[in-house]
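Presented below is the structure to which this report refers.
Letters A, B, C, D and E mark the chains as written, and numbering starts fresh at 1 in each.
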């Protein structure tokens, strides 16, 4: 109990600092932080599945893209207001997650990884194939007039950097707290039980398929939320968001930060995003660093930064 | 064009693709069969073979076939050494944990790609075929080199089969595959066998890369497609089953050629990708594999 | 005693390839009993109870629990009906604490609303879990990470998880394996206590435990029931002795 | 409707206590450096495709940009200020490109950004440029700009868009090669521009497209598509990009043999590829569109010779001293010329710093065109201030002895089509 | 030819935190059969695996003819002359009989005469050389597993419940082979649960419980006092009475 309270306080503290950073950082870093927050949401969604439930998916770009396309296409073709488009994005990714989850969860371990990879690849190809609708690889640019919306009389303009940061911050905060709630208490206990020992959990009377499916759906929907947010905020939807590299991204972020820790995805996303950003000015081959890190993490720190800290010093840092 | 020559062409193309695919996928399959790990960097070994062929062609004076033959020997050898080193430096240390292996070979994939980008550069590079002769059918011409690929693949598959079934090394490999602990109990150096198998798997891909490059070009991102297709083949054929892998490679190579007659190619790719996913979901032992237990 | 039937099997079989691990077993268990299943290695004891608990699917035959045919139910549903199973090879959440381990089981029984805590609070779950742990003598180890426990304590934790389910039928698969003599004594008391509320089905090699706990004993050999009776009857049964000691001992 | 920035807290309300946290995150170099002084230097953001599918182009775009910048600085810079290039890799990736645009704007504080080639990267980046109010000069051939899909900050002042190229090719093709055309193009946006515009253009000439074959850009083997080419085909019009193109051209040759239909291709397929290699021998006698002739022609202008020398390219379009290292000559002139176009606009507006951004853009819109010169070595340009698009000569070359010889140069008027948008009506 | 001296001392083996072997040890000479008896879970199999190096003991000594093999890589143990018949036979089921034997032969590069010797003990295998070993009957599989271990040309032979689940006739031929093996000077460690399987051939009997050897008797002692068996094997006296 007190452990959970400690963690909650830490989260609130982190949120306070994040909010305050917009007054301190240079405008570029505020922009970068906006992106980091959205990608952290993506990684937090991934973490629910990989970190807390122990299921390693190689296809989360599919869910990100589901949110991105559902919201973006609704806005582009039907002029749905942004708020509604955002909700459509979330709903779209939820539907995709349930369907893929029902199928993919019939497999385990390596087969699960490959099945998610294959479904995701098919989804990526579909965004190319139906280019008449999706714009294919060139994608679609949301018109400027579709980029602002009216919230209870308050006009929020997505092309404004400050607005964008604060919306990203709000969504991040909501998802962080949602993850906090979902990974503690009865639901969280189910997830961790499935991760720790699925066979035993079934013999304690849990329907682990349903537990996994709930985790999968939650995970995919959060990833889709990030996708919807990304598309609407930056006004562009394109198939490169559905490609393999975008599936590796949340895996890498989570792995670096610490799978199964609440704040690991944020830490991993921030570190990796800034690292890649700095490196791309220095070397053409910044992906090499990603490669080296993936190997280094699996070899020496499979539990990531926060995971290692948790195991060594602070067990409450879950 | 009439339907008959159309089908003839599709069949020829399918056979060529099946040959390359067989070699590449067999490499993946042998590794999975023995070590129970999936090597995501497999496509990069293919790419390294192709790039190696280009380097050999650059450095070898004399006629193109000389460079080609050199490449056929040198490129797989270097790739094999690299793979053995990767096995020793990474896979062994994570104890061949299947999931950790996938993650770290993804890392390896990026590293190889980027190192090639930094050294070899971003351009697609052509390599001369060892010989030029176009077989002229009444309706179209066809490269004799492509048919050579088919022959070479058959020879190589036969050689692999002999290695596995007829040699002492093959016996040790198979014993390790069936029961690692007992193999150790009979003095079989399991870690050396693993390194060897990983190297042989990579070499198969590299040879396929060398064979393919006079036909296509070497490019640092060319490993992606062979990797995905090999996945498809290995899964449809039944993980780790060599005859299944060959059958699936021929099936998929041929059907890919024929499918594109009727569907748009992207749609055909979507269909085959979904097929793989569904095979894994509903018939995880593969279409040609037998159910275990 | 005149028992109400709790569980019965008819023609229950399980084949692995050509091997008949469990072969056409008719088995009846009354409510409130402590029943032991004994038999030589490979007799099919573990397979048999796995069929009861639903871990394995039967090749043929039926399992009836409290008059309901549960043959086609998945394991977790049988657990919810009240069949709890503790594993022969310790099967716990090694990364969690003792309390967290047992809490998973307690939660399964208490069925809280998964997001809210309307009916059952987190405190209740942990209270119940702590109670079950205390019954097995693990009361002062609640915050110990299970994987670091001594083997004997891990065995007890395994049983505590079964107990926290408050099952109608508790299946214990070789629970005393690896326990010290004093732990075994304590364990016998625990089983008797469990038996106040639940029927106990015990697979056990330690004949001392079997003889002092079981009201009836079923002997399995080569997948079939060789004998069934009170401890005294079984002790005198020559076939049982043969199965255990072999012809040479006669 | 007045757009509110209510969610943006005032910058004056900086909390003193946050300084520590800021220092922590803002490791050296992370906080955007403040502009030393307005007007001391002009910084231009140059996002090039150093990696990814466009990498062979990116390398030459970078080299060209550096050469042009050096020359401009030698000649005294722009309005007395030296030009500084800030080069970033966008990985030919739309996502990364948007981030790079932000980095240019917010961190590097550049005056303008230029040089993006691949159209999907442009499509993702252009809206962000508009939001950041960052002048964005593209070198992409994309028709999206002239069709009105972008915003007032985006310009294409040098290279002619695909629609113009295609329109100007069609009459020559139907007059000289044949009227029954089979199109082979990549199955994505760039290819659709070709398909749609060419189909319309050839029909206007009384010709027809007898088949169109879309090939996925990831394809590595092409022979199986060729049976779809009808026997009645007189001309095969092919345009492919990506690493597989050489295979494509080679397999096309093998398939058709010597008695096949005429070939007309876009040089995009063979940019950065040697023409005089045995695999391509069958291309002898076929025709290509070139944005700028790769091989120095008999009537080479002094401008072209000057440009070649400065960029370090020999008369065969390869790097000096390395005949195998072939440039992307047909496209990369646009980087050179775009820099000079920006220079012209800045000089017209007497540009001293970002405060005059709008003036500079308005100056750009007011430009009518450019004369052939060392600054515009590809030739004369007509610039349309409304559509932000430039129009220029196009070249049709024939492969003769493994070299491209210009057969026909279109007039600039051949590339015109009715305006589809008017950016000057948009607000800044 | 000197007599083989084999000695295991102070083995402590852990699975995670739980200790499977506690100061486990025994001594064995060439031409001697030591039987290790004990209940399920007493640690018998762990003990053999610890000797073979497939399970790594935390501490101990493993002396074979004066050389300490402890801590050598697992593949080196059989090469020094320890043959092993694992529990459940562990044949390479997809390989033929001949191939299984070949793997035994290559362990110490033993000559063909070793193979002939093994096949003479189990002539039934001769007819099955090209058959996949997974298709053999249970008894034949046990024989093959033992023949494979003999192909190592071992100084020490360790067998883990070789007669489990076998018909009496198969048990007899394995027993017969063991007798011949003993006569040829091999040191034999035989792990069993069934007392009757070992009494006829054992020289000594050791009882194992909780990962350690609780008691050791000469075979005559055991024959004279069968109650010893019941005490240690776990069938209580009451059951016997």
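The rule is short, and it goes like this: contacts are C-beta pairs under 8 Å (C-beta built on N, C-alpha and C of every residue); 3 or more make two chains touch, one makes a residue touch a chain.
A quick note: this is a predicted structure, and the numbers were derived from the prediction, not measured.
Each step here moves to a touching chain, and the least such steps from subunit B to subunit D number 1. Considering every other chain in turn, the ones in contact with both subunit A and subunit D prove to be B. Relative to subunit E, the chain whose mean Cα position lies farthest away is D.
Centroids built from CA atoms put subunit E at 77 Å from subunit D. If each chain is reduced to the centroid of its CA atoms, subunit A and subunit B end up 34 Å from each other. In whole angstrom, the spacing between the mean C-alpha positions of subunit A and subunit E is 55. The set of subunit D residues that touch two or more partner chains comprises 50-51, 187, 216.
Among the residues of subunit A, those in touch with two or more other chains are 128, 284-287. Residue positions of subunit B touching 2 or more other chains: 117, 264, 266, 269. Applying the touch definition to every pair of chains gives A-B, A-C, A-D, B-D, B-E, C-E.
Those residues of subunit B that touch subunit A in the shared complex are 38, 90, 93-94, 98-100, 102-104, 106-111, 113-115, 117-118, 228, 231, 235, 264, 266-267, 269-270, 273-274, 276-278, 280-282, 284.
Residues 53, 55, 74-77, 79-80, 84-85, 87, 91-96, 100, 103-105, 107-109, 112-115, 117, 122, 125, 161, 165 of subunit C are the ones touching subunit A in the complex.
Residues of subunit E that touch subunit B in their complex: 52-54, 74-79, 84, 86, 90, 92-95, 99, 102-104, 106-108, 148, 152. Those residues of subunit A that touch subunit D in the shared complex are 17, 20-32, 35, 128, 131, 135-142, 144, 148, 154-157, 159-163, 166-167, 234-236, 238, 240-241, 246, 274, 277-278, 280-281, 284-287. Within the complex formed with subunit E, the residues of subunit C that make contact are 40-42, 90, 94, 147-151, 154, 174, 177-178, 180, 205-208, 211, 234-235, 240-241, 244-249.
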